[in-house]
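One chain, chain A, links the two complexes that follow: it is found with chain B in the first and with chain C in the second.
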Partner chain A sequence: MDLLSFARGLGLKIAIAVFCMGVAWRILAFALLKIRRDFNRPREPILKYLLGGLITVGSRSWPHREFIGRTGAGEALGYSYHLGLFAVVLLFTPHIIFLGSLFGVTWPGLPSSIITIISVLTLTLFLAVLFRRVTNHVMRMLSNFDDYFSWFITMLVLVTGLAATAHVGARYETLLAVHILSVDALLIWFPFGKLMHAFYIFPSRAINGALLARKGATS
Partner chain B sequence: MIDTAIPVPVPAPADSVVGAMKGFAQEIGALSAFRLESCIHCGICADACHYYIATEDPQYTPIWKVEPFKQAYKREASALAPLYRLFGFKREVTADQLAQWQHLLFDSCNMCGRCSLICPMGIDVAALIEQSRHAMFEAGLAPKELYDKAAHQHRTGQPESSVEPYRDRLLSIGVQFGVDIPLDRPEVEVMLCVPRTDIEHYPSAVAALARVMGHLGVSCTFRSDGLVAENYGYYAGGKDWQRDISMRLIEQAIACKAKILLISECGHAYTALRWEAADLYGKALPFKVLSVTEFLADELKAGHLKLAKSTDGKTTFHDPCQFVRKGGVNEAPRELMKAMNVDLHELENHGGFSFCCGGGGGVIDIQQAAPLRYRTMEVKLREIDDTGAQTLVTSCSDCRRTFDDAQAHFAWNKKPSSLLELVASNLIGAGDAP
Partner chain C sequence: MQHGSDNALVGDMLRRHGVSRRAFIKFCTAAASAMALQPWMGPAMAEQLRLAPRPSVVYLSFQECTGCFESFTRSFAPTIENLIFNVISLDYDDTLMAAAGDAADTALTQAMKANFGKYVLIIDGSVPTGAGGAYCTAGGKSAVETLREAAKGAAVIICVGTCSSFGGIPFADPNPTDAWPVTAIVGDKPIINVSGCPPIPEVITGTLLQYVTTGRLPDLDEHRRPKAFFGNTIHDRCYRRPFYDEGKFAKSFDDEGARNGWCLYELGCKGPTTYNACATVKWNGGTSFPIESGHGCIGCSEPGFWDKGSLYSALSTAEWEKSGNSSPRQVLELSAGAVAVGGVIGVASAGAGRLRQYRSEHPLDVEQEEG
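Presenting the complex of A and B:
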């Protein structure tokens, strides 16, 4: 079995299995803990506070006017590289074909030249994010191995993908194998670190929003 | 130059740490675990916290204040706990570490909840801090001032000794201000409770409450065995004491068959009774819990309360965090001020986004926290000054006391006043103000 066959065959299967089981366990583990009932009389009817939760899922995507001066730039940087990543993962034609083989659904992609530009921009934003994490005293204090390793492994996928697309540094098959192996590594790491926030972000916003709306408070 | 040096903490004994972490682990429900797991270390919560804004010191980042508890949860109770322990990724929390965090959880957090509005992950950081205070209490690391007051209130119903018992003091206030103080009536619609801050420092506010209720003709009473609204168990993090202190009021409200437990101007009492008491009671309360502000706004809407126009000139309003941001009583104070034609000039950050006065969460009572509190308060005082208002109104006695303290400390030129007293002095047909 050559490297490429392993990367997209057995390697990928193992990675997907670890990813699925790990994510399931991380989520199931919450369900095993106590869920407390709130006996305090809500100010708002249930539909209103559920709606408050849904609204917060969207509204928390951007800081409130009162905070924007202090956090707008940092949040814009954060969202920009996420958008770049989504575009590269979901709108690059070879990725669409690959995802189509897994899920049976395909969609139109962007031209390779556009994806390359987005990738380079995203790469730049990634470096900016790392620079910010090590230079901002709050972020540096909060950061641990998980933050840096999650950054590294996501960056690795991006860099190897760019190298494979540009055919730089080795044979295409080798570059592609390395790229897919980096994806395998990312999938394996995913349930063990902060990348799990992809699954947490919307429920977390919805819960906090609903609990505040239950009191009739601003969310 | 204000000295904000961190006081040297006394290390907790190792067994206290075990107790604290046990207490914390016992409290970890699915919701708290989810909150702890969701943090992405973006540090944005720092930008909502007035302690960080005033000092630019990263240790005041709200989520950092729960770091030892996050560490303990991940090591002991999280989905990956066995891996963390096996590979030593998360170390055990030490006594020194926990002692160090007393400053971060008590001296430099008002539990105001502003950080919970900024988190892009939607984490209620303030709720985690409240839980962490419970663990600190278990470790014997609640600040002495809060612990002593909580213990005293748990034992006697009063957070501290007084020259005359509060029951007698209440009657004296009635005589002093010429108002009828309803006391220990057997069956009423509304049971009243007041902050001891009012009894001790602002008797005019107690009189204002009695005057307004009398004016409205509401069947109401104070109860000798359930007078004090504050809950020092809540401040100190002593959950059992918090429950027992709340139970005094709950039992009294049930005894006089009250349909409403009315809390005068005390924000933390509102949180403890309106949003936490039923959980500690274990079932829904058989009466409503209302703040006096929302009660009066309801009376206004119903047409029972008629108010004269205020002549106080340019006025600004400080939103007490526990009533507004954490309690949802946002519109009621503004409806009352509008009815009195108050010339309201809102603060730059108002409503749910208002900065805390700096005294909340029991911080006003913690002596060693004072230098940092004064430094942090400057954020708020600057905003108030920027409105150009001559009058500062608020609806919480502890906020009022904090601003009064600032007036003395900074020789500040504003005297805070009470919204309740403003209403009482503008009752149409009520005679002279108390």
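Presenting the complex of A and C:
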């Protein structure tokens, strides 16, 4: 078995299995934790505070007017590289074929040259995000190994993908194998690190919003 | 350079066959160009070759389909490939020779004895070792015995085709004859692999010509293939490459994309991982190559090409099974199984968390229970 066959065969199988197992584990372990009962009488009817939860998902996804000067740039940066990542992952034809082979669904892609431009821009944004994290005193104090490793492994996927597309550094099959292996590594790391925010971010905002709405507060 | 059986110089042979100096220089220039050598190497090669003795060549065929030999001998008379047969002394070839039986065996023994240590040994086909080598025998000798004996006196071994180079189709899983490439049997001789199923005729003759001319092995890649022919991928030199870059792909062999000559990546073309000269040297006297005829590259010049999943699955697809790519059902089954295991761990983990929570909130109850 060569490296490429392992990366897109057994390696991918193991990565998907670990990913699914880890995500189920983390979500259930979180969801089944006992929530302390709130003995206060709700200020709002149940439907209203559930709606408050949904509203918070939207309102927390946008910079607050009062803080836009301080947080706007960071949020713009965050949105930009997330959108860049989504475009590269979902609109590059070889990726669509890959996802199609897994899920049986395909969709139209973008020309490779456009994807390359988006990838380079996303890569630049990734470096900017790291620079910001390292140079901002508060963010640096808040960061731990998990933050840096999650950044590194996502960056690795992007860099190896670009190298494979541009045929830089090694033979194409080796670059492709390394790229797919980096995806395998990302899938394995995903449930156990901060990349899990992809699953937690919206439920946690919704829960916070609902709890606040129950008390009659808006968020 | 080593002498063939009749000791004639190449120049003498050419004169005898009425080949003009101009035609010969044109041939050498074309060969030099195909090998990516400097333009001035053509005339220099012609001069060197003219004065060179005709080298003895022994061609042995083992577990193969004769496709490589067909490719080797394929000529468009009067073509340059015919010329090649005039500049070497093909002293033994069991497919071409008229002799049979003991006479053929004697011819082989004589050729090896007369040019011991000097002849070029060309091997076509893999070497089966199962059942004591009984799957491929000639004159009572197994292929593996014949190879070991012939390799002893060879100056160089040129493996023609993917079977002799990497085992090829006989080597593919489950390899019922326990077939091996030449490199697995012979370890003490210089070996050049000219892979392909079959290899391009000009690549075979060009490799041979370069060795005959320079007396040295060409620059080889990690699979011992001449870099001059195997230095680039098909994809890098493919005329359909601009369509790949534009994201224009044929979705089936008869759709509009296929008719417009768009990239065949989605139809399983292995061009990006295949190193060969098909897109530049081409086939049938430079007429065309498989991709130009509308079929994707199957990667036949790469080791283990037969075991690398379906020929019609795109390179970036998940290779779920040996016989092909994954199916959504298999992915679903694997994911469901993993989610179930993760779910059990998650429930256990949450239970443990609740217990910890209870103990921290009710320390007195816990003490009473334990007491």
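What we mean here is this: the second predicted complex is superposed on the first by the 217 of 219 C-alpha atoms of A that agree within 3 Å, B and C clash if a C-alpha of one lies under 4 Å from a C-alpha of the other, contacts with A are read in each partner's own complex, and residues count from 1 in each chain.
Here is the rule we go by: contacts are C-beta pairs under 8 Å (C-beta built on N, C-alpha and C of every residue); 3 or more make two chains touch, one makes a residue touch a chain.
Because the structure is predicted, anything quoted here is derived from the model rather than measured.
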| item | value |
| --- | --- |
| Partner chain in contact with A:Ser101 - chain B first, chain C second, else both or neither | second |
| Partner chain in contact with A:Ala29 - chain B first, chain C second, else both or neither | both |
| First (chain B), second (chain C), both or neither touched by A:Leu176 | second |
| Which of chain B and chain C A:Ala17 touches, first, second, both or neither | second |
| Which of chain B and chain C A:Pro111 touches, first, second, both or neither | second |
| First (chain B), second (chain C), both or neither touched by A:Lys215 | first |
| Shared chain A contacts, counted only where both chain B and chain C touch the same residue | 25-26, 28-31, 33-34 |
| Residue numbers on chain C that touch chain A, as the complex places them | 233, 235-236, 244-247, 249, 265-266, 272-273, 275, 303-304, 308-309, 313-321, 325-328, 331, 334-335, 337-343, 345-347, 349-351, 353-354, 357 |
| Complex interface listing, chain B residues touching chain A | 28-31, 33-35, 37-38, 40-44, 46-48, 52-53, 58-59, 61, 63-64, 77-80, 83, 89, 116-124, 274-279, 281-285, 288-289, 324-330, 349, 351-353 |
| Contacting residues of chain A [partner chain C, same complex] | 2, 4-5, 8-9, 12-13, 16-34, 93-95, 97-98, 100-104, 109-115, 167, 171-173, 176 |
| Chain A residues within the chain B interface of the complex | 25-26, 28-31, 33-36, 38-41, 43, 56, 60-61, 63-64, 66-67, 70-71, 74-75, 78, 136-145, 147, 192, 194, 196-197, 200-201, 203-209, 211-212, 215-219 |
